[in-house]
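Should a chain be cited, it is by its letter among A, B, C, D and E, assigned in written order, with residues numbered from 1 in that chain.
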Amino acid sequence: MKPGRVIGRVVCSQKYHTFKGERLLVVQPTDWDNNDAGDPIVCTDAVGSGAGEFIFYVESREAAVATGDKLPPSDAAICGIIDGVDMEASS
Amino acid sequence: MKPGRVIGRVVCSQKYHTFKGERLLVVQPTDWDNNDAGDPIVCTDAVGSGAGEFIFYVESREAAVATGDKLPPSDAAICGIIDGVDMEASS
Amino acid sequence: MKPGRVIGRVVCSQKYHTFKGERLLVVQPTDWDNNDAGDPIVCTDAVGSGAGEFIFYVESREAAVATGDKLPPSDAAICGIIDGVDMEASS
Amino acid sequence: MKPGRVIGRVVCSQKYHTFKGERLLVVQPTDWDNNDAGDPIVCTDAVGSGAGEFIFYVESREAAVATGDKLPPSDAAICGIIDGVDMEASS
Amino acid sequence: MKPGRVIGRVVCSQKYHTFKGERLLVVQPTDWDNNDAGDPIVCTDAVGSGAGEFIFYVESREAAVATGDKLPPSDAAICGIIDGVDMEASS
């Protein structure tokens, strides 16, 4: 999983039917100091995240698994809102 | 998912049988300011998009899921036509 | 899917059993002007392509789906022979 | 699979329900001389690894398979703690 | 699939249970002239390859399919030992 920041929302005139009812958020991938890392992507949202929040997102098939009962064909889904990172301990 | 622009269509003398009846579009990946980002790819189309339209596409296994009943072995599918991006709100 | 050009064939002393009977072709990834783009890869072949032909290949799990009844563990499969690209229309 | 070093732990206010009870570790990808290689990522943990340990992680769908009975939508999981590398023999 | 060269073996104090009994080899990705291409990775082995051999490996989910009955969560598996490449013919 990778960290990022929610920066907006995509408005679509057409989207694949299983995406109906899903918010499509624009996520700016970041490093752990909140610096931009590459171009923004579109993510579905499994945790109710909002603009400006620091999140982590899941890629590949698992993104679909996380996105609702209809299994929309998502390849990137926000799966956690990050409060902080403890760089001292991992246990 | 990533943004892109439909720039053409591939004409094939042979294609794998479950691709029959599917349009194979050439998509130029872009950033959010519509600047080109990397080499164009081939996508199947799940939303009836046309030349010049600003779209988002799905990669990996989920592209096949979005592309018709025969599940053609697509690794990239257009799943939405983008009208705009709201960079202020995400909720 | 991405474009490429068939440039050879791999000869193996050992290969995983479900690859038996499958041709393993060397494909040079290209851009749409037939310029080389990165290092050549090994692809299985779902459409009977030959040396020098301009093709598109599928990556990830879908490559296995396209490669015969035994589902060999292919992560790249040629799924179409490209005759041309129509850059004017997509509908 | 790729090598890396556990450098911390992510603390979340919200995470997707099947991630509950799973530790989310920050892993610094490395080369084989323990030099940093790219930005840190978030991994689930299948082997009880701790801070500072040299590990290998699995990506893509297989990461979910390795992470507990609930199959959380992980795209990166620590699957081994590396004691050493024998560069002389492989058999 | 991509070419590489077996350069060593990983020794683990802990590994995920379905990896038990599987050799974890260090593979140096190469180009077709046997020059190094990127950092070495860890692969499972489906064909009994040995140190120094020129091989091809499969990535993503298909690597697990190729690696034994227990389906260990491998994302890279050696699936062929390369004897040579015929750059003249592909049929």
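Going forward, a contact is a pair of C-beta atoms (placed from the backbone, for glycine too) under 8 Å apart; a residue touches a chain by one contact, two chains touch by 3 or more.
This structure is a prediction, so every number in the text was calculated from the model and none was measured.
Chemist: Just to be sure I understand the contacts, which chains border both subunit E and subunit D?
Modeler: The common neighbours do not exist; no chain touches both.
Chemist: Compare the two sides of the subunit B and subunit C interface and say whether they are made mostly of the same residue numbers, over half shared, or of different ones.
Modeler: different
Chemist: Roughly how far is subunit C from subunit E, centre to centre by C-alpha average, rounded to an integer in Å?
Modeler: About 20 Å separates the centre of subunit C from that of subunit E.
Chemist: List the centre-to-centre spacing of subunit B and subunit D in whole Å, with centres computed as mean CA coordinates.
Modeler: Spacing between the chain centres: roughly 32 Å.
Chemist: Quick check on subunit D: which residues sit in contact with 2+ other chains?
Modeler: Each of 49, 60-61, 63 in subunit D touches at least two other chains.
Chemist: For this assembly, give the contact graph shape among line, ring, star, complete and other.
Modeler: The chain contacts form a single closed ring, each chain touching exactly two others.
Chemist: Following the ring of touching chains from subunit A through subunit D, in what sequence do all chains appear?
Modeler: Listed around the ring from subunit A, going to subunit D first: A, D, E, C, B.
Chemist: How about subunit E: which of its residues touch subunit D in the complex?
Modeler: Residues 6-16, 19, 23-26, 39-43, 49-51, 60-61, 63-64, 71, 73-76.
Chemist: Enumerate the contact residues on subunit A facing subunit D in the complex.
Modeler: So the residues of subunit A touching subunit D come out as 1-3, 31-32, 37, 46-49, 56, 58-63, 65-66, 77, 79-91.
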